[in-house]
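First comes the structure, then the notes that go with it.
In order of appearance the chains are A, B, C and D, and numbering begins at 1 in each one.
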Amino acid sequence: MAVIADFALQGAQMLLVLLMAPLLTGFVRKVKARLLSRQGPPLLQPYRDLFKLMRKDVVLASNASWLFRIIPYLVFAATWVAASLIPTFRSGLLFSWTADLIAIIAVLGSARFFLALAGLDAGTSFGGIGSSREVMIASLAEPAMLMIVFAIALIAGSTQLSTMAAFMNSADVGLRVSLGLALIALIIVAVAENARIPVDNPATHLELTMVHEAMVLEYSGRHLALIELAASLKLLLYVSLIACLFAPWGISSPVIAPLPLLIGIAAYIGKLAVLGFLLAVFETSIAKMRVFRVPEFLGAALMLALLATLLRFVSGSF
Amino acid sequence: MSIGALEGVLLIPALSAALLAVLPGYKLTSRLNMAAAFFTFAIAVSLFIVEPASGRYLLVDDLNKVFIVLTTFVAFTTSAFSASYIGHEIETGRLKPAHVRFYHAMYQVLMFAMNLALTANNIGLMWVAIELATLTTVLMVGLYRTHEALEAAWKYFILGSVGIALALFGTILIYMAAQPVIGEGPDAMVWTILMTQAARFDPDLLNVAFVFLLLGYGTKVGLAPLHAWLPDAHAEGPTPISAVLSGLLLNVALYALLRFKMLLALNPASIAPGPLMVTMGLISAVFAAFMLYKRRDIKRMFAYSSIEHMGIIVFAFGMGGPLANFAGLLHMTMHSLTKSAIFFAVGHIAQIKGTQRIADISGLTVTHPVLGWGLVAGVVAIAGLPPMGIFMSEFLVVSSTFARAPYLVVILVIAILVALGALFLKLNTIAFGEPRGSTAPAQASYVPMFAHLAIVFAAGIYMPEALVTGFQNVARLLG
Amino acid sequence: MHSITFDIAHMLAGSLVLVSFLQLYQDRLSALLNMFALHAFVLAASVAWQAYAQDAPHLYITAVIALIFKAIVIPLALRRIVIKLGIHREIENVFGVGLAMLLGIGLVALSMVVMLRVTSGADPLAREDLAFALAVVLLGLLMMVTRRNAVSQVVGFMSLENGLVLAATGAKGMPLVVEISIAFSVLIAFIVIGIFLFRIRERFDTVDMQAMDRFREEQR
Amino acid sequence: MISIALFGVLALVAIAPIAVATSASPNATGIVYGACLIVTLILFLIALEILFAHPAASTVVLPLGLPWLGAHFRIDPLAAFFLVVVNLGGAAASLFALGYGRHEDSPQRVLPFFPVYLATMNLVVLADDAFTFLVSWEFMSLSSWALVIAHHRVQENMRAGYVYLLMAGFGTLTLLLAFGLMAGGDGGYAFDAIRTSHLTIGTSALVLILVLIGAGSKAGLVPLHAWLPLAHPAAPSHVSALMSGVMTKVAVYGFIRIAFDLIGQPQWWWSLVVLAVGGVTAVMGVLYALMQRDLKRVLAYSTIENIGLIFASLGLALAFKAYGMNVAAALALTAALLHVFNHSLFKSLLFFGAGSVQSATGTRDMEQLGGLIHRMPQTAFVFLIGCTAISALPPLNGFVSEWLTFQAILLSPQLPSWGLKLMVPAVGALLALSAALAGACFVRAFGITFLGRPRSPEAEAAQETDTNSLAAMYALAGACLIAGILPGIFIDALAPVVQSLTDGRLPVQTGGQWLSIVPIAESRSSYNGLLVFAFMFITGMVTAFAIHRLASDKIRRGPAWGCGYPDASTLTQYSASSFAQPIRRVFGSVVFGARETGEMPKPGSIAPARLTVRLRDLIWDYAYAPIANAVGVIAERLNYLQFLTIRSYLSLVFGALVILLTVLATWP
C-alpha cells in the first residue's frame, strides 16, 4: 500500500514538473511582454507550440547522423529525470536517494554534452559557434555550480536534496554569509545555464549572437519540440532548486496525508510564480552582454562560490 | 722445478710471443694467438682449483685472482675477435703481414706484462710490468703509421712516461716508508711483507707516496685531468687494442691503485685515500659525461665513456664499505666485458662503413640487424639500464652511498644521467633512422660480442654463488 | 758520525737543484743542453757519493750510466738534432724567465714543506735527499710545461728523471735502482729517437697541434 | 598463487624469442598477440581470484637479482588489484592488436617487445624488494621505449623516444635515491625490512618528495609530464593504450606502495604537496588537451589530467590517514583506486578508437578528419561511450570515481590543519574546473573527428575497422557501462585493498537497496547508477515510442541551413582550433602565453584574411629548454679540452700534482 502510494507520488512529481515546465516558460514570457507593455502571447502558447511541432515532419540536414536523431530523446530524458529528482512539493520521495545534488548536476551535464555534439553534427558553422560557446560557458558554470553545492552541502552536512531541504527548513540554519554568497552565485549560474539574458537571449534569431539557439539551429519538428521542452524543464529545475534550497517552506515531510501535500503543491506553484516574475523583471531590466564578457560574469560566480566554501572550511560559524 | 699455474700464466704469453714473432702467415698466427690466449685463460681458471701459494716474487690472493681471470678471459675473446678483424684489415691492405706478425707478438707481450703486473708480489716489479704494458700498447696504437695514429701514440707515450715517472717516485717513497721498519733490501718492496707491517710505517710519507701513485697510475686509469692520452689512443689504434685498453689495461692500473689503497687503509694514522679517489672519480665521471656530447668519432666516444665508468668505479672504491667495494668490483668486471663487446661491434661497423665518423653511420638496425641490435644492447648495458649487470652495480653504488654522502651521490647521479643522454643521442642516429653508408653484408664473428653481452645480461639477473663469495671476500679485503 | 758524508751528499743534492734552476733560466737551446750535461754530471757525482757512503757498489753502475749516457751521449745527440732542425738559438719559453724562476722557488718551498713535515722518523741524509729530489722532479715538470720545444721538453723530462734517480739512490738499499735507471735510459732513447724520426718539433707546436686535432675530429 | 603468476610472467617473456623467430612469417602477429591474450587473461583471472577470495599475502623468494638478497615477490590485495588493471588492459590491447597489428609495416620492431613490456609491468607490481622493483620498473621503460621508436624513420618519434628515455632514467634514479634512503647504507632492500625500519621524519619526508618526483615523472605529473604527450602518440596505438591506460597506473602503484605502505605514518603536510601537484596537473593537463590537433595527443594530455585527479585523491587519503580518520581515508583511497581502474578502461578504449581512425584514414590530425560516424558507425559508437565516460558523465563509470572524490572532499572540513583547510577547497575547485573542461575537450575530440563533414579525401574514403579491434573496444565499452551502473560491486572488491592500507573501510555497498552506493550514510549522500540509467533509458524509450505513435515519425532530408549561403566547402565547418578558440581566449593568455594576430586585407583586395595563433609551452620553455641549453653550453666549453697540445695536458697533470701536494702540505 505504502509502496504503491510512494510510486504514485513519484509519478505525480514527474508529471507535475513535466506539465508545469511550459507553463513557467509561458508565464515568464507573458510577464516580460507586459513589462515591455506588449500584449504578449497567451500563457498556454508554449503547449500549443509543442503540439504543433510534434505533428510536423522532421527536416534533417543532409549529412546528419544517427546520433543527431537520438540526441533529442537523450537530452529530454536526462533533463526530465533530473528535474523529477528535485523535491518540489514533498521531500523524501521514493527514488530521491537515486541521485544526490552532485549527480543531478552531472546528469544535466550529460544532457549538455550531447546537445553540444548535436551542434557539431550537421557540419555548419552556426552549430559550431553554438557548441563551442556553450562548452566555454559550461566549463565555468559547472565548477561554479559544484562549489555552490559544496558550500551548501557543508552547511547541511549532506548532498542529499531532501536532507538539505529539511535542514534549511529547520531552525538551526540562521543567517550565514556563505549562504548569501552561494545564493548569488546560484542565481548567476542559473541565468547562464538557462541561456537567459544577459548571457544569452532565448528570443533572438540573429545567429552570431546566440549560443543555445545556434546550437539547436538544425533541429525541427518533434526533435525541436523535445529540445524546447527540455529547455523549459531545465528552467523549471533551476527555479525549483532555488526554491527548495532557499525557500523550503511548505514542502511536506515524507508522510502520506492529503493536506500537507496540497499545501506543498500550492506553495510550490506560488514559489514558481514569484521566482518566474523576478526572473522576468531581471531580464527586462538589463541588456545582453558580449560573449567574452560572460567568462568574467561566471568567473565572479565561481569566485563567490569558492569564497563561500572557503569560509565554511575555515570556520563552521559562517 | 715444477711450474705452477701462476708461472704458467706468465710463461705461455712469453713463449708464444717469441714464437709469434717469427712465424709467418696471419691465418696461422691468429689461430695460434687465440690458442695461446685460451690456454692462459684455462690456467688462470685453474688458479681457483689448485690454489697455489704466493711466492717471493709472485703472489695470488682473492683480489688478483678476480683480475687475472677477467684479464685472460677478455684477452681470449679479444684475440678471437682480432682474428676476423685482422683478416679484414689484411684484405683491405691497411696492414702488411709484417705488421701483423709484430702485432701478434706484441699482443702476447702485452698479455705477459699485464699478468705480471697482476701477479707481481713486489711493488718495483709491478711498476716495471706496467711500464712494459704501456710501451707495448704505445707501439700498437701507432700500428697504422698514419699521421693521426703516430700523433696519438706520441701523446700516449709522453703522458705515459710522465705517469710512469710519478708512479716510480711514489714507489720509492713507499720503500722509504717501509725501509726503517722492515730494514733495507728487497723485503721492503714485497707486498705480502708490506701488508703485515704497514701499520708501523711513517704515515706522512705514505700520504705523499699515495699522491704520486694516484697521479702516476691514475694516468693509466685515465682519470681526468690525466686522461688526455686515452681517447686518441682508443680512436687511432686497431680496434682490438681499443678493446684491450678499455677492457684490461685500465683495470690493471686500477688494480695497482687498489693495492696501495689497501696498504694505506692498514695504517690508521695516514690520511684516508678515500676522499682523493672520490674527488678524482667524480671529476672524471662528470667531465667524461659532458665530453660525450660533442664526439664525432664513434671510437673516441666510447673511449670517453670508459673514462666515465672508471670515474664511477674509483668513486665506489673511494667510498669504501662492503657494498660499495662489491659494486666497484662488479662494475669493473661488467664494464670490461661490455666495453670490449661494444668495441667488437664498433670495429666491424667501422670496417663495413669504412668510417668511424658518427655522422656517416646511420640505420644500422635496418642494414645490419644483428650488428645493430648488438650495439644497441651494448649501449643499453653501458648506459646502466637493466637487465644488464652494470645496472646492478650502479644500483649498489648509489643506494649504498646516498645515505652517507648525499651531495656527492647526487653529482654522480647527474653524471650518469648526462652520460645516458649523450649515449642515446648518438645511438639514435647510429642504429636507427634512414640507413646511410655501405650496406655490404658483414663478414664478422659475432661470437665474442654476444658471449660478453650474454654474460653481462646473465650477471644482471643471476650471479653464481662462488663469484659472489669471491667478490665479497675481496670487498672485505679492500675495507 | 757521518757529518762529512752527510754534508757532501747534501751539497751535491742541493747543487742538483741549483742546476735545475740554471736550466730554467736558460732560454737558448744550446745553452740549455750544456746545462743539462752539467745536471747529469752532478747527478753522477752525487750517485757515486751515495754509492760510497752506503758502500753499495752496484750504485756505481748507475753513476757511470748517468755520466756516460746522460752527460755525454744524449746531449750530443740532441745537439745534432737541434742543429739539424736549425733551432739552436730559438727562444721558446711560454712565459718569461722571471716568472718561471718564481714558480720554481715556490715549488722548492712546497717540496721542502711536504718532505720536512713528512720524514720525522727517517734518517736525515735520506730526508734531505728526498726533499731535494722532489724539488728536482717538480722543476723538471715545470720545465716540461713551460717550454714549447720538443727538445727542451725532453731535457725537462730527463732532469725530472734525474730527480728520481737521486731519490732512488738516496733510499738506502733500494733494490732495482740500476735496473730502473737502465729502463729509464731506454725510455729516453725511445723519446729521442722519436723526435729524430718523426720530426716531432712541429708536433708540439701549439697552433699546429690544435689544427691537427680539429682535423682529426672534423674529417674522416 | 604467486608462483602461478610468475609462471605467467615467464610465459610472456618466453613469447619474445618466439616473436623474434617468427617475425618474418605473415602470421607472426596472430601467434604473438594470441599468446599474449591467453596469458594475460589467465593472469587476470588469477588476480581476480586473489582479489575476491583475498587469501593472506603469498610471497616467494627466487635466487635471482641481488645475490645475497634474492628476488622477492609478493601478492597482497594491492598488488592483486593492480594486476587486474594491468592484465585487463593487456588482454584488451592484445585482442585489439590481433586486428590492428596487421596494419603494422615493421612488425619485427613491435612483436618482440610487446610481451616483454607486459611481463615487466606485471613484475613491477609483483616485486617485493627494491632491486627487483627498480629492475622491472626501468626495464618496463626500456621495452616501451623500444616500442615508441618502432617507427624509427620518423624523426619526431626518435625525439619522443629520446625525451622519454631520459625522463624515465631520471625517474628511476630518483627512485633509486629514495630506496637508498629507505634501505640505509647496509642494504636492507627487502620491502619487509624497509617496513620495519623506522625512518626519521626528515628522511621519510625526503623519501616522499623523491618518490613523488620519481613515480610522478612516470605517471606524468606536471611539470614532469613533458615526455608523455610525445611518447604516447608515437607508439603503435595498442601500445599507446597500454602506456596511457596501464603504465601510468603502474607508476601510481609505485607511489601508493611506497607512500602508503613502506614509509609508515605520513605527515599531514605531505598531502599539501600531493594535493597541490594533483590539482594543478589536472587543470593543466586538460587545458593542454584542449589545444591539441593530434587526436592521440589529446588523449595523452587527458591522461595527464586524470593522473592529476588520482593524485589529488591520494593526497586527500594521505591527509586523512595522517590524522587517523581512517574511514575518510578509505573513501579517498577508494576513489583514487576506482578511478585508476576506470581510467584504464576508457583510456584504452579511446586509444583503440584513435588507432582505428588512424589506420582507416592514415592521419591523427583532427583538422583532416570529420564525418567518420557515417563511415565507421561502430567505432564512433564505442568511441562516444569512451568520451562520455571520461567526461565523468552519469551513468558511466568516470562519474562514479569523480563523485566519490567529491564526497571525500566534503568530509575534509574535519581536518584540523589550516593549510589543508585552505588547500582542499581550492583543489576541489580545480578538480571541478578540470572535470568541466574535460567535457568540453571530448565534445571537441568526438565532434570534430566523427561528426560534421569529412575534411579530407582520406576521411571521405574511410572504412569501418576490423572485427577483432571492434571486439576489444566493445568489451571495454561494456566494462565502462557495468562499472558505471553497478559501482557497488567494484567498491566492495576494493575494500580489502583499502583496508590493508588505511585500516578503514567503507560500509558494504552491495547490501543497500537497489544497489545504490552509500559512502558514509544514506542521509548524507548516495548515488545509484543503475536507476539513473534505467530512468533515462525508460523515459527516453517511452517518449520516443509515444511521439512516433501519437505524433509524426516522418523524416525529410534537406541541405543544412547556411544563412541562405549554401556552402559546398567543408572548410567552413568549425575546426578543432576554432572550437577551442573561446576557451583559449579565456585561459590561453595565462597558461600558454597565447597571442592571436589577425591581419585583414584592405577593402577591395582579394587577399585572404589570416589569423595566426601562437601558443607557447611555458613549462617546456622555462624548465626543460634551459637545462638542455645548459648541458649544451657546458659540453661546448669542456670540449676545448679535446684540442689542447701535449704541453697543456702536461700542465694539467702538473697542476693536479701541485694542488694535491699543497693539500697535503696544509693538511691539519
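Here is the rule we use: contacts are C-beta pairs under 8 Å (C-beta built on N, C-alpha and C of every residue); 3 or more make two chains touch, one makes a residue touch a chain.
These numbers were taken from a predicted model, which means no experiment stands behind them.
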Farthest chain (mean CA position) relative to subunit C: A
Chain pair that, of all pairs, has the most C-beta pairs in contact: A-D
Rounded Å distance, subunit B centre to subunit C centre (Cα mean): 31
Inter-chain centre distance, subunit A versus subunit C - centres from mean C-alpha coordinates, in Å: 99
For subunit A paired with subunit B, centre-to-centre distance based on mean C-alpha positions, whole Å: 78
Intercentroid distance (Cα basis), subunit D paired with subunit C, Å: 69
Per-residue overlap in subunit A, given as positions that touch at least 2 other chains: none
Sites on subunit D at which at least two other chains make contact: 642, 644, 646, 650, 653, 657, 661, 664
Subunit B: positions in contact with at least two other chains: 154, 158, 162, 207-208
Set of all touching chain pairs, with the criterion as stated earlier: A-D, B-C, B-D, C-D
Residue ranges of subunit C in contact with subunit D within the complex: 94, 107, 110-111, 113-114, 117, 138, 141-142, 144-145, 147-148, 153, 203-206, 209-210, 213-214, 217
Subunit B residues within the subunit C interface of the complex: 124, 128, 131, 135, 147-148, 150-151, 154, 157-158, 161-162, 164-165, 168-169, 172-173, 175-176, 179-180, 184-186, 188-189, 202, 204-205, 207-208, 232, 235, 296-297, 355-357
In the complex with subunit D, residue positions of subunit B that touch it: 154-155, 158-159, 162-163, 166, 207-208, 211-212, 214-215, 219, 225-226, 228-229, 231, 271, 276, 287, 290-294, 321, 323, 365, 380, 383, 385-387, 391-392, 395-396, 398-404, 409-410, 413, 416-418, 420-422, 424-425, 428, 432-434, 460-463, 465, 468, 472
Residues of subunit C that touch subunit B when the two form their complex: 114-115, 117-123, 126, 130, 133-134, 137, 141, 144, 153, 157, 160-161, 163-164, 167-168, 171-176, 179-180, 183-184, 187, 190-191, 194, 198, 200, 203, 212, 216-218, 220
In the complex with subunit D, residue positions of subunit A that touch it: 54-63, 65-67, 73-74, 76-78, 80-81, 95, 97-100, 102-103, 106-107, 109-110, 112-113, 116-117, 119-129, 131-133, 135-136, 138-143, 146-147, 150, 153-154, 157-160, 163, 207, 217-218, 221-222, 226, 291-292, 295, 302, 306, 309-310, 312-314, 316
